[in-house]
Amino acid sequence: MYEASPGETILPSRQEVRSSRGLQDKLIIFLFLLPSTVIFLVFVVYPIFHSVYYSFFNWKGLGPAVDFIALDNYKRILTDRVFLIAVKNNLIIVFLSLLLQLPLSLGLAILVGRNLPGRAFFRSIFFMPYVFSEVITAIMWLGLFNPDPDRGFINALLILIPGVEPFPWLADTRTVLLCVFVVLSWKYFGFHMLLYITGLQNIPLDVEEAARIDGANRYQLLFNITIPLLSSTIRTSVYMSVLGSLQQFILVWIMTHGGPVNASEVMSTYMYRFGFVRFYLGYGSAVAIVMFLICLAFSLVYQRLTPQQDYLGGI
Amino acid sequence: MTHKIFTLLSIILIAVFALSGCATPATTVPTEEAVVEAEPTQPAPTEPPAEPTAAEAEVEPTVEEQPQVTVTWWHIQVADDQKALWQGMADEYMAAHPNVTVEITVLENEAFKTKITTMMQSGNPPDIFQSWGGGGMNEYAIAGLLKDITADLEKDGWKDTFSPGALGVFSFEGKYYGVPRDMGAVGFWYNKDLFAQAGIEAPPTTWSEFLEDIQTLKAAGITPIALGEGDKWPGAFYWEYLAVRIGGQAAFDAAYSRKGAFTDEPFVEAGVKLQELVALDPFQEGFLGATWPDEQVVMASEKAAMDLMGQWAPGAFKDASVDKQGLGDKLGWFPFPAVEGGAGDPADALGGGNGFVVGKDAEPEAVDFLKYISSVESQIAQAEIGLSVPVVKGAEVGLTDPMLVLVQQGAAAAKYFQLYYDQAMPPAVGGVVNDAVQGVFAGTLTPEECAAMIEESAQMELK
Amino acid sequence: MTTIITPSKNALQRKLPRIFQYLILSFFVLIVIVPIVMIVFGALKTRGEFMTRPYTIPFPPNWDNLDKIIHQPSFWRMMLNSLIVMFATTGCVVVFCSLAAFVFARTEFRGKGLMFNLFTLGLMFPINIAILPVYLVLRHMDLTNHLTGVVLIQVAFLLSSNILILRGFFAAIPVELQDAALIDGCTIAGFFWRILLPLARPSLAAIAALTMITSWNDLLVPLVVLDSDTLWTLPLGTMQFQSQYGQDLALVAAFLTLSAIPTIIFYTFAERQIVSGLIAGALKG
């Protein structure tokens, strides 16, 4: 949970200044918060409760919700084999992101560094996938993964190696999730790299310099100096990456529809399948709430494990 | 920390309930929320002075004092010539009826499905919109979102202009909610050159001949079948057609009426036959992840010999080929082979089509306009550009493509016409059929498990 | 920030030979640009070429696709709609978020922690989960089929993350400045307007740039909210090129390429701002 750290908030030191301004300040605070609070309550918080309400019904989205079934939707979700597969797949994407994507981003951030000639060029190129929409990204990669070497670039490269057959990347239940992860990484690693670059630029040069003069080798330097000093940035990046991985939707839906046979099913595609394909709106709402609770639980645990306040702060 | 969360949640709860008056489930007090929810089902606000329909239709153009009416029309024909045809008709109609404005929204198929879902759930249907009839339409009808146009159809013999089978798809419990514009049967499209190359003289008529031909094609180094099973519905055709051939009308009727079940022998047997086919590995590499557009390209580039698909296939092959000519004379068509010992008649067909239904708030002008675009002249024009396999009598003359004539005759000759399962049944069951059959294609489900999955969903949905 | 100006290089980098460093980076540059190049190639092919040989170099290039699109009035209308939505959303996000973030970062009042946590809930409930109830609310307010509706929803779902980010930026601005300003008789509003905002300009530019990208690429909200095609935004336009039973992929590629150009132009201008803006925010950590 958020806790105000001392020194973060400034109250005028003199008692009289404070009291004479109290009312005026309150008014300003109220007015400043008003627009965002109203929009947020109406378009975000109210729909959350809307979803909670419908999640207790067997409701097909047409007409009023009348068939109240209490927690049955939730019971079904938590025992549904396919939902558990979706959760597992989400977790696999989370772990792969943490194990591969973020270290890669950090590594590239360090390589691009502070004064490599041409660093602005590399930075721009690496960030570019983030600028493209998920729709464009999915269409691009669908083409690359095409199993027919006459049409798919990856297989066209593959068959140049003697004795290697083209491989149906998105059609094989063993590789499809990995392919989705590759595309997600392609799109988002630049964003995390940018975070790390900014973090690195805030590490005073003399700290590293001093450590180096003290005889630290580069691994010691990396693990004992750089990474600890980057801890705040890393926490932020991990937090955003985990939430992003849990909520990923459009890319997966366009690329695989969660298939074949649920091999790339994630929670959001599962929700979409029930809500918009099979019209079980009550059930779909319950899935949305379960996703919401999973993200909330992660946030709470994460903030407890990392007690320092980051600039993302919050829950 | 924990208690903070609780305080937070309870405060939001109070705030939101105060803000919205969110009705708690058990409450019967008509709070604001309850009113909002009730709205969609309120019987369509009684049609404004019910009479004028006929009168207005007669007097038409010059009368200025007629109230201005807007008809919203949603269709999914995004191809240039098809879109232009519809737009042209709307323009003509508006010229003849100055008091009517037709507002067209054109959406691509998938986008249409997403959007119409939200529109319907909010109780706000367009006046005229694309529909495939059957189970999906029935759900809208039950929820009171569609307008009953039975009376209009009875008048002046409008009803009799349609072929009854096609029109029947748009009826539910004796009432009509829309009209068809297109209807055809699914069958095998095949590449005559590739068949000849493998030494196959005539297309197969039975399932065992079919399996033999597949082996012959494979032996000749030709991929026998193109399939986009990533989209699921192309593969579901195989299982559904096998069920039609093995169990015939009786099996489906029994399962649908709940006197029988989808775990009955014919449906399991359909899975077993499908397994036989899959075991021969007749599909192009990566078919499990491929889509229907991929399937088109495989066929159009002559990389596979056969494709089980509906009446839209020749047009799609043209689209997908380099020179936009499709397979030309090489393209042939044969009906789904008979299964030895099956109860179904070999002439029975699986298929379906497209049409338009009328939203609950539609003005009489909307129905009049629907009549206009369903005229025989309109149907001929649609057939000429390959948009529709016509369902209005006398419009067959517009059908120039000999292949489409075959499909049209196939559908017309069928003693029993089985609508695609995802249209014959509620969308939820259709979705499960598609998912379960994909499991058989992937080898992750046995025929029994596949049938059981479908039956489980049917128990929930069919009464 | 303690920026020590030393001519020395990063110690980590010094150990790696430059050439090796460039090799690794070039490898990743290749991975990043190959898919992008492919789609640009696709845009310059005929439909048949795209379907049969999608990864060859289009020679001679076929300009028909691009030509066809830029001569469609609907393309420019959608471009205009996209721009309107993008600027309106970005304007609202920057204004509303900086006001709220300022309150959370620099003032004290009862219930502040609670309010702040309320906003962070938005991170757990992304728009693609919330789309149906959100649509119902919008319809109740009679804002469907209006660009305003699209803007409002986009703003609502971008508030959480941007308030969080900006709050960090604002909290990083030295405390002494606020003390001095208040003692000089500035109100907190005056401090916000005259001192804090000018100082935070790079950070505001950063969130503005990120918001613009998100808004420009948004497909789901415009799809659900807008009916009439005169209001459509560019992502919806791709559908124009998809037919019911197939797709003209070369034309879609051309459309995607053209519709992405504004973001890329914009990004190259804003990239420096994003980087320096994020640096300012990271100061606190």
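A, B and C label the chains in the order they appear, each numbered from 1.
Here is the rule we use: contacts are C-beta pairs under 8 Å (C-beta built on N, C-alpha and C of every residue); 3 or more make two chains touch, one makes a residue touch a chain.
Everything quoted here is computed from the prediction, not taken from an experiment.
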Category of the chain touch graph - line, ring, star, complete, other: complete
Pair sharing more residue contacts (C-beta pairs) when A-C is set against B-C: A-C
Chain A-chain B separation of Cα centroids, rounded to whole Å: 37
Whole-Å separation of chain centres (CA-atom averages), chain A against chain C: 15
Whole-Å gap between the CA centroids of chain B and chain C: 38
Junction residues of chain C - those touching two or more other chains: 51-52, 113, 117-118, 121, 132, 136
Touching two or more other chains - residues of chain B: 4-5, 12, 114, 121, 297
Residues of chain A whose C-beta touches two or more other chains: 1, 42, 45-46, 50, 61, 146, 151, 281, 315
Residues of chain A that touch chain C when the two form their complex: 1-4, 7-14, 17, 21, 24-26, 28-29, 32-33, 35-37, 39-40, 42-48, 50-51, 54, 61, 108, 110-116, 122-137, 139-141, 143-144, 146, 150-151, 153, 156, 186, 190, 194-195, 197-199, 201-202, 204-206, 208-209, 211-212, 218, 221-222, 226, 231-233, 236, 243, 247, 249-250, 268, 271-272, 275, 281, 285, 288, 291-292, 295-296, 299, 310-315
Residues on chain A engaged by chain B in the complex (per definition of touch): 1, 41-42, 45-46, 49-50, 53, 56-57, 60-65, 68, 145-148, 151, 166, 168-173, 176, 256-257, 259-261, 273, 276-281, 300, 304, 315
Chain B - residues contacting chain A, complex: 1, 4-5, 12-13, 15-17, 19-20, 22-23, 25-26, 34, 37-38, 40-41, 113-114, 117, 120-121, 123, 139-140, 142-145, 229-232, 284-290, 294, 297-298, 303, 426-428, 431-432, 435, 438-439, 442, 444-445
Of all residues in chain C, those that touch chain A in their complex: 1-4, 6, 8-13, 15-16, 18, 21, 24-25, 28-29, 31-36, 38-39, 42, 51-55, 95-97, 99-100, 102-103, 105-109, 112-113, 115-126, 128-130, 132-134, 136-138, 152-153, 155-157, 159-160, 163-165, 167-169, 171-172, 175, 178-179, 182-183, 187-189, 192, 213, 216-217, 219-220, 235, 238, 252-253, 256, 260, 263-264, 267-268, 271, 274-275, 278-279, 281-285
Chain C residues touching chain B - in the complex, by the definition given at the top: 46-49, 51-52, 113-114, 117-118, 121, 131-132, 135-136, 139-140, 223-224, 227-229, 236, 239-249
